[in-house]
Each structure stands twice: as structure tokens, then as C-alpha cells.
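Pasting the structures here.
Shared between the two complexes below is subunit A, which pairs with subunit B and subunit C, respectively.
Moving on, here comes the complex of A and B:
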């Protein structure tokens, strides 16, 4: 099935406009957020993608967050990705744990990394981050304060450590870190 | 039971008063019998294991692999990436080790955070948690580097005076392990939520 045929079949089955992108494998179905679970059921039942591979998201800045789920058809041997976009202001999406139970932990991780809420998830609590961690580290606006907390202990340039002493250049800060952050000089 | 601070055992105050030859003999005996505890957290642990095997054979240096746990160990080798999530566990294991205890930080990650120094979740060096005696650089270090680190540690032990070590260590002033650290039971598993589907 080509990309166009797949787009036509999915559009007919779901009753909404579905676009298919095959710029880079696997084929990616773009569906609206309100048909997210229906699309997943369609992919699993009609396209045979019974193996849940992974689910994650990426921060597309002005276009909101894109949530992606990769699945695989064990019998027909093909990959398929399903993607939707949700707004930054209200990042919310129904859970896919009813379709693929394996999505449970992936949605928990996406929840803590991006702050995306999955409605209907059986236990939406942080999975990997340490207790009391504040913020969503994979959002673009998250400031990597690591360099401020502790300067890089080694030489930044070749030969720096042999000469010893400061090179007089400004202390490196990661992009986006305010000038006033960090310990007093 | 009231919790009191643990009086650190060891050779005791007499070791400081012992004449130099006796101290030499004591330290000579200690430095060639090191029960090692491998805190393997990432790929460096594989290099550590390679060092313990026949080709590199750190047993010939008097290092005994492996202590059954931290409570029987003299040396802890932190091999791998320490994350903030794991930091309490690393501290807990260190507190369970009896004095005199030594720590070798093995590899770039446990030295300073290594390639993950920028990360939101990686501890920037295990020395932010526990005092480190010897740092072994590399990513990962070759087994020979760990052998060199062990020899360096043995030099350090040879010049050791336990009382001085305790007095000098900023660690002893900052944080004395509570008695509960040595007697507390295993951690309980987390209580599952009402709708836990894990």
C-alpha cells in the first residue's frame, strides 16, 4: 500500500482528513487529536499493527507538542507511526492504554518529560525523574542549569590545562540561562 | 531505642600512638587485602569486571572480588553514571561500609558527570555525595588504569593513620552516619496506588 492509498483508506475509515507523510520511514499518519484513540484502534485492528513499539513526543514550539506512537505489524512486517499535535496551552490527550497496554509506562514518561496529560490513564505519576523534580526537562523552555550549578571541571580548549590559570574568557552559560543565575563570582 | 552516633571502630586510638614500625606493618597488612565492592552503574562496570578477570587479574594486587555487600567491603569502586535518582542509594551503600573505607571513582561519569555533565538528571561527580580517594580518568578507562588506581590507593593506605584520616576528613565533620544506617532493614517496595496497573 502506498502512502496515498493509505491516506485515502484511513480518511474513509475515520471520517476525518488524514494525511500521510513518507518523507522518512516509517509511514506517518497525521490525525487530529480528537480522533487519537479511534485512529489507534484502526491502526491496530485494520492495519494489523499489533505490536506497540514506543510512544513519545517532541516540542514543536509554536505548533505545540507532537505526540508520536510507533507500532509494528508482526505478521505483515511493516512499521507505522501515528502522530498528532496538541496545543501548548492545554496539552491533553486521551490514553492509549486501552488499545495497547504497553503504552502505560511510555505515557507516564511522556507525562513527566513534557507535562502532557493523558486522560483516562490508570496511574499517571512520574516514572523516571527523582522525587521532587520540578519542571519538564524535554520541553524547549526548560533551562539546563547544570553548567551554572557546577562549572565544567576540565579544560575547555586544548592546552588550557598545561598553561594553567584562567583564560580570561567569560564563563560559559548554556543558552537561555539568565545572566543573574548561578553562584556569586 | 535512642539513636546515637556510631563510634567509628577500626584500629582505635592506639593506632595513632603506635610506633612507626607497627603502623607500617598494620598498613602493609591492610593494603594487600582489600575486599572490593563494585558499584557498577554503566559501561565502566564492564571494564571493572575485565580487570578482575584472568588477563589483568587485580587479585594479584591483593584485591578480593567480590565482597558480598557493602557491609563486608573495604573499597567501593563507583563505575558508571550516577544519576540524581540513584544518589540516595549510593549514599546509603557508602554509609553501610565499615571504617576504614575507601572509594575509587572509576571513569569520567563518576568523576565529574562526564559526557552527561549537561544533563538534568546526572550527578556531577560522585564526590558531591561521598568522599573519593582515587579518581581514575577515562571514558571508559582501560583495565590498566584501574590497576594504577589500585596501586595509588595502596600507596595512600601505606601512609595512612586512621585517626588522622578521620580527623582530616571534612566528611566526618559534616556527616556522621546515624546508628540506624547500619541496622536498618531492607527498603520496602513502594505502596501501589489504588489503580496500579504496573
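Moving on, here comes the complex of A and C:
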């Protein structure tokens, strides 16, 4: 089945517009969030993807969070990903544990890392983070404490021992660390 | 008891202090922020009459915190003057995390364990470093030097 045929078949089966991205493998079905569980059932029952591989999310900033689930067809040997977008303001999705029980821990991890709530999950508590941890580390707005608590060793200029010498030039910024992260000045 | 190690083993990072110009590239490119460099500027008196005094940067401290280092080797790749090398030495575990920050004296000791670069292929051009070194010798000994060709 080509990507277009798959998109047409999924659109017919689910009754909503489904797009397929095949820029790089695996084929990715983009479905609206309100058909998330239906789409997963369809993928498992009709497309043979009985093996749950993993579930996670990524922070697409203004476009909200994208939740992705990878599945695999054990008999027909093909991968398929299912993806949906949910808004930042109210990040919640119905759980997929009814479709694939293996999604349980993956949804707990996605819950703690992104703060996405999975409605109907049997035990939605943090999986890996220590008790009392505040924040969601994989959100883009999460500030990495290790990059703030310690001065950047590369801030010194050649010939300097102490950061903040007499040079009038603009200080170098550590690469990859947003300007707003610095220690309070 | 050292097992046979492949020639490009990433055991520890060694420093050849003489080659370091304190350009700070390694400390800035280190993704783990684990290279600490202190330096000061020295003015050398002009060697010839009428010449200007020269300033140069002198290395005071070069330390790598191997508790943070992830052995990516970016510092070695980025060093423009070949001051950093991979050494296969790996037996430097300690019971104190602070003792994993190794200063330039220890990084120098590891330099002696750095293996020689792999031989070039037969009939390959000699490495440019060798030609540059021979040229430097000729410049220092213009009257002739038995080792130069």
C-alpha cells in the first residue's frame, strides 16, 4: 500500500481527514486528537500493527505538543507511526493502554516529561523522576539547572584567568544556551 | 594486566602543553563544560632594535573534569595546534569525585602513553607536519644541519 492509498483507506475508515507523511520511514499517520484511540484501534486491527514499540512526544512550541506512537506488524513486517497534535494550554489525550497495554509506562514517562495528561490511564504517576520533582524536563521552556548554576568555562578570553576582565567587548555566550537563561545580573 | 587495546582507544585525554596557545576553542566547544583554562598575557621584549614588543598568552591552568567528560573527543578534533590527544590509559578511577578533575601535570603524564600515529600508506606523500618541522630546522640552522635533507 502506498502512502496515498493508506491515507485514503484511513480517511475512509475513520471518517476524518488523515494525512500520511512518508518523508522518511516509518510512514506516519497524522490524525486529529479526538480520534486518537479510534486511530490506534484501526492501526492495530486493520493494519496488523499488533506490536507496540514506543510512545513519546515532542515540543513543537507554538504548534503545541506532538504525541507519537510507533507500532510494528509482527506478521507483515512493517512499521507505522501514529501522530497527533494537542494544544499547549490543555495538553491531554485519551490513554492507549486499552489498545496496547505496553503503552502504560510510556504514557507515564510522557506525562512526567511533558506534563501531558492521559485520560483513563490506570495509574498516571511519574515513572523516572524523583519524588517532588518540579517541572517537565523535555518541554522547551524547561531551564536546565546545570547550565545556569555554573559559569561557562569558555567565557574567558585568551589571557584571562577571571571571567569578566577589562575587555570592553561583548561577552561570548555559551552555544545552545538561550540568552534568557543566564544567572541574574 | 592491560588487555590489548585498539590503537584509537578513548581512554583519557592528554595535553601537550607546549602546543597550547590558550585559544579557548576546546573549552568553548566542550558540550559538557568540563575544560577549565586559566591564562595570563606576557609581554616579551623586542628582539631586534626598532621592533615592537610582542604579547603572548601563557597557560596557567588546564584541567579536565573527567567526572563530567563524556569522551566525545570534540576538544581533540577542534584543537588547531594538536595540543590534545587520546591516550588509551583508563585506570584512573578514584573514590572521590573531585579527584577526577585532572590538572595539566597529570594530563602531561598521560601524554607519554599516547600511541604513535598510524603509518602512512606506502608511497604516500610524507605528512605535512614532517615537512614543516624539517623547514623549521633549516631556518634555525641556516648553515646546515646534519638531520636536514
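We take it that the second predicted complex is superposed on the first by the 149 of 185 C-alpha atoms of A that agree within 3 Å, B and C clash if a C-alpha of one lies under 4 Å from a C-alpha of the other, contacts with A are read in each partner's own complex, and residues count from 1 in each chain.
Following the convention adopted for this analysis, a residue touches a chain if its C-beta (ideal position, glycine included) is under 8 Å from a C-beta of that chain, and two chains touch if they have at least 3 such contacts.
Just so it is clear, the model here is predicted, and its values are computed rather than measured.
Comparing subunit C and subunit B on the residues of subunit A they touch gives the larger count to B.
When the two complexes are overlaid on their common chain A, residue A:58 makes contact with neither subunit B nor subunit C. Looking at the shared chain after the overlay, A:104 reaches subunit B, while subunit C stays out of its contact range.
Touched by subunit B in one complex and by subunit C in the other are residues 150, 152-154, 174 of subunit A.
Subunit A makes touch with subunit B in their complex at residues 97, 101, 104-105, 122-123, 125, 128-130, 133, 137, 142, 144, 146-147, 149-150, 152-154, 174. Every residue of subunit A that touches subunit C in the complex is listed here, in rising order: 150, 152-154, 156-161, 172, 174-175.
Residues 21-24, 27-30, 33-41, 55, 57, 60-61 of subunit C are the ones touching subunit A in the complex. Subunit B meets subunit A in the complex at residues 83-85, 87, 112-113, 117-122, 124-125, 128, 193, 195-198.
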